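There are two complexes below, and they share chain A, which is joined by chain B in the first and by chain C in the second.
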Partner chain A sequence: MSASRSDIAAQATAARPFSERREKLMLLLANRQGMVGLVLVLAFFASAIFAPWLAPYDPNALDIPVRLSGPTWDHWAGTDSLGRDQFTRLLYGARVSLGIGVSVAFLSTLIGVTVGVLAGFLGGWVESVLMRLTDIALMVPPLIFLIIGARMMQDKLSGGAIWPLIFLVTVVSWMTIARVIRGQVLALREREFVEAARALGAKKRRIIGRAILPNLIGIITVNLTIAVAGAILLESTLSFLGLGVQVPTPTWGNMLDSAKSFIETEPYLVWFPGLAIVITVLCVNFVGDGLRDALDPTQRKT
Partner chain B sequence: MSEPLLIVRDLVKHFPQYEQRILTKRQTGSVRAVDGVNLDVMAGETVGLVGESGCGKSTTARLILRLIEATSGSVIFDGVDVLNADDEALRRLRRQMQIVFQDPYASLNPRLSVREIVGEGLRIWGETADFDKRVGDLLDRVGLNRRFLDRYPHEFSGGQRQRLGIARALAVRPKLLVLDEPVSALDVSVQAQVLNLLVDLRDEFDLTMIFIAHDLSVVRQICDRVAVMYLGRIVELGDRDGIYTRSTHPYTQALMSAVPVPDPVHERERERIPLEGDPPSPLNPPSGCRFHPRCFKAETICRTEDPPLIERVGGHECACHFPEVSNVT
Partner chain C sequence: MWIYALKRCGLAVVIVFCALAALFALLHMIPGDPVSIALGPRATPEVQARYAEKMHLDEPLVVQFGIFVGNAITGDLGMDVFSERSVTLIVLDQLPFTIVLALAGLGWAVILGIPLGCLSAVRPNSWLDRVTGLVSVGTIAVPSFLVSIWSLLVFSVMLGWLPVLGAGDPGDLGDQIYHLILPAFAVGLGWVGYLARLVRASMLEVMGENYIRAAWAFGLPRRTVVYRYALKVAILPTITLIGIGFGNLLSGTVFAEIIFSRPGLGKLIFDMVMNRNFPVVQGAVLVTAALYVVVALVADLVVAWTDPRVRESL
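Right, the complex of A and B next:
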């Protein structure tokens, strides 16, 4: 794997016949693990978006006679206790889980990076205020906050809205990245190339945009993928506790929740939504690793 | 004689040291990195700043460019007060004073291509017409292939990176170029190439240079005048030949006697002045003359009275109570 990867990278750089974007793409394609992850993640997204066309049944159609049927040719992933098609519900559930995962990841990373960069770069009272705020946010036990928050927004959640969940999970997810980024910025700020930019007369905005942020890309991409995974898990946890998106809207989390009473007799009801979560989280992490390497110019060998 | 391009007066930088208690911070003292430096640099000349590690050479350079804030003192560049300039004025001043750093690995942004690193100054100052051509010309000038525009720093050797650092500094056409040990991280053969390049560029771009080094033979090749620093102060200042052949400060003499001579007979026979111990801590510099604990000539007055940097025998400025011309090489 490593041989094929460096070969392709070498071809890409030897004569430089390709644009830089093309080069990055080729590096990503050469990373087999990243590729598998990317293909699967894209497939999951596509099936979430096209669920109404792909799904063989109506996600809420009851068919009591075939309840708890187990996987069959008619119902690939079996049916639940009310006879609803499990495969259909998995496709629709992906909409909520992936939607929340991606939205929370982007929002929390955006907040975390902004807080971390401002605190680390500006220092002084800005840093004190932002970092104390981060510490306070970290002191709140996330699960308790989520449970209370979800209770308080119960009426909106039962209306089928998912934005309250995105909001709540974002609130408990941005602090770690803020701290990590601040630490990195503190180190970067003292590097000589930052001094050189200042000596050339660069303004703060330019230094942040050209010297600080590009050197944080690796950490940001990795965090982004971890955050997707973390948000999907948190959403599942909440739904599992009956506090997330309310039934009948399917999510992977509340499917697990309703499956738990049948875990001994009908284990496939737990298997499929569980696998969906595990595979998604794993693939998103693979994509993150691949992206980080593809975006690093030092990985492009001469 | 015309006004100096750069006038440095009583420049001081103390780094406070704190002791962290549970709730409070208490200042326990300060590192006197630079403790009263005076220096005039004429337009077109190259002044060498030499001394041991930790004597405040690099700090002095950063203070002059105001990359760090001074504790007190003044820096006047081309008639403008650098240390009291507001943000905009300081930005404009910075075009005219550039720095080349010691570490060619840390001083180039690993995420930017050569085009963006060398062209950064042009972008900052909005001079983006014929951008690629101008950056290419700069690469030519420092002896790099202009086809390297799309390469990244990690693809270059130390010497090539240092050339990139020089090109980046020259892009904004500075009057003053501060070189902070520009060759000490390089192989000896590469050192010579970079030094030759600097000499060529000095003539071509009419540069005034402050050249920081701890290698005296490097300084001798390139400088018109030399300032020897010890523990945050300049202890001897004079033209190159004066410093190298008729030094009067015992510290300078000790440094000179440590420079190896390529003639083995002479090398064996010449007198060495040993320097004992390490430089004292700048946290708590010695009383009187700061060099007295290591000086072979020290007497009572050296322990109590700090000798000023004034013109003495030998025709150059020296901060010693007992200056004597000695030809140690």
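Right, the complex of A and C next:
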């Protein structure tokens, strides 16, 4: 595996000696696990986006006569206690889970990168304030914070709003990336090209935008990907506790919550949403690992 | 060593205090009047006034915080709004269940994780090594509530080996242990992967050291070299991880407690948040945070005490 990977990388560099971007792309394409993950993740996103066209039923259509039917030709993943088609609800659930996952990943990365870059580049009191803030936020047990926070915003959540969840999960997710980015910026700040930019009289904003940020793209992409997986896990956990997205809007978490009562007689209700979560999170992590191997040589696995 | 221990203890106190302040601020950010939230909208003004006075809700927030901290130091965590029982007693009732569950979960992680990591380091790239790698990646992707549900489904419902619900008959120790096996497994599974990976990495490093080569050269039996000389050193980083792990397990038990209907701190916090019974939440979270910090502290001190390299660098 490693031999073929370096072969491909060597070919890439031989063909176009100076194209680093091409080499990275070849490395990414040569990562089998990462590519399988990427294809599946893209498939999940596509089915989430096109759920209204792909789904065989209406996600909230009740069909009491066929309730708890088990997997059949008509209902691939069975029906729940109200006779709603589980496969349809899984597809629609993907919309919510992936939507929240991606929103949280973008928001928390945005906050984390801003905090990390400002702290690392400016130093001084800005750094102390921001990093102490990060330390304190890291100390709060995420689950307890989420439970209390979601309970407080319950009236908004039961109105069908999703943004409180995005907000709460973002609050517990931005700290790791802030720390990583700060570390990178501290190292970059001392490099010659930043020194050169400063000597040429570039303004701070320009140095950050032109010299620092482009060098962080790799690490930001990797963390963005992995943040999606973490956010999906937290959202499904909250929804499972009945504190996340409220019924009737389906999510994988609240499908598991309602399936819990039928665990002894209808185990398929517990298997499918759970597998959806596990497969999605695994694939997203595979993509993240693949990206890390390609983009971020410092953290490359041995 | 003593200075180091003192420093770490001081830091622990500061951390608990910060956590307490953060929690207090969070619980008082709830929009609306705390009195009507606690008693409901239909309480008479006299009842409301009596309650506000008893809970010191008429004082400024800083004073309230001062009173709470002062009482907490003497072991008084306040009074439950509804049952008028002491929060300290309520928390102490639930605490043993959570500690036992977390310890048992950790037990599973140690029993499975350390041998797995050790064996896969001794025979790299064997099938066992591959399985271990798969387990460590897999357990990250499975959220802990799902582990609880699935293990309940497989071992209790489908195979019927273990009981489904509850903590067992209070008088019967055997029954309690019987009821503990599955929830503990669900709690500990996530840590099997972590432990195995850490032990594997650290074993691989130690196995390359000169003193291990010397031990091989002396012709010592494989078992002696691996278990008596290599593992003893390789295990040190895991002590720190176990310390952190135990702290996380304390709050991670909440799913096992809810799904297996066991009593415990996690379930207490969850139920009381749902009932908006915030004095109990406050007390229970404080105890959890304090335990977390104490365990991490003990783990650090144990490492400093067992590892001469760390001890001398202090």
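Before moving on, here are some points about what is shown:
We adopt the following convention: the second predicted complex is superposed on the first by the 249 of 302 C-alpha atoms of A that agree within 3 Å, B and C clash if a C-alpha of one lies under 4 Å from a C-alpha of the other, contacts with A are read in each partner's own complex, and residues count from 1 in each chain.
In this text, a residue touches a chain if its C-beta (ideal position, glycine included) is under 8 Å from a C-beta of that chain, and two chains touch if they have at least 3 such contacts.
Note that the structure is predicted; figures quoted are calculated from it, not measured.
Contacts of A:141 after superposition on the shared chain: chain C is touched, whereas chain B is not.
In the superposition on chain A, A:201 makes contact with chain B only, while chain C stays out of contact range.
When the shared chain is aligned, no partner comes close enough to touch A:272: not chain B, not chain C.
More residues of chain A are in touch with C than with the other of chain B and chain C.
Look at A:44: by the touch rule set out above, it reaches neither chain B nor chain C.
Shared-chain residue A:214: touches chain B; no touch with chain C. By the touch criterion defined above, A:174 lies against neither chain B nor chain C after alignment on the C-alpha atoms of chain A. Of the two partner chains, neither chain B nor chain C is touched by A:92. In the superposed pair of complexes, A:237 makes contact with chain C only, with no contact to chain B. By the document's definition of touching, neither partner reaches A:121: not chain B, not chain C. Against chain A, in their complex, chain B makes its touches with residues 62, 65, 67, 91-92, 94-95, 97-99, 101, 103, 106-113, 116, 120-121, 124-125, 150-152, 154-155, 165, 168, 172. Only residues 16, 20, 191-193, 195-203, 206, 210-211, 214-215, 217, 297-298, 300, 302 of chain A touch chain B when the two sit together in their complex. Taken in their complex, chain C has these residues touching chain A: 15, 18-19, 22, 26-27, 29-31, 137-138, 140-143, 145-146, 149-150, 152-153, 157-158, 164, 251-252, 254-255, 258-259, 269-270, 273-274, 276, 281, 285, 288-289, 292. For chain A in complex with chain C, the residues that touch the partner chain are 136, 139-141, 143-145, 147-149, 151-152, 229, 233, 236-237, 240-241, 256, 260, 263-264, 267, 270-271, 274, 277-278, 281-282, 285.
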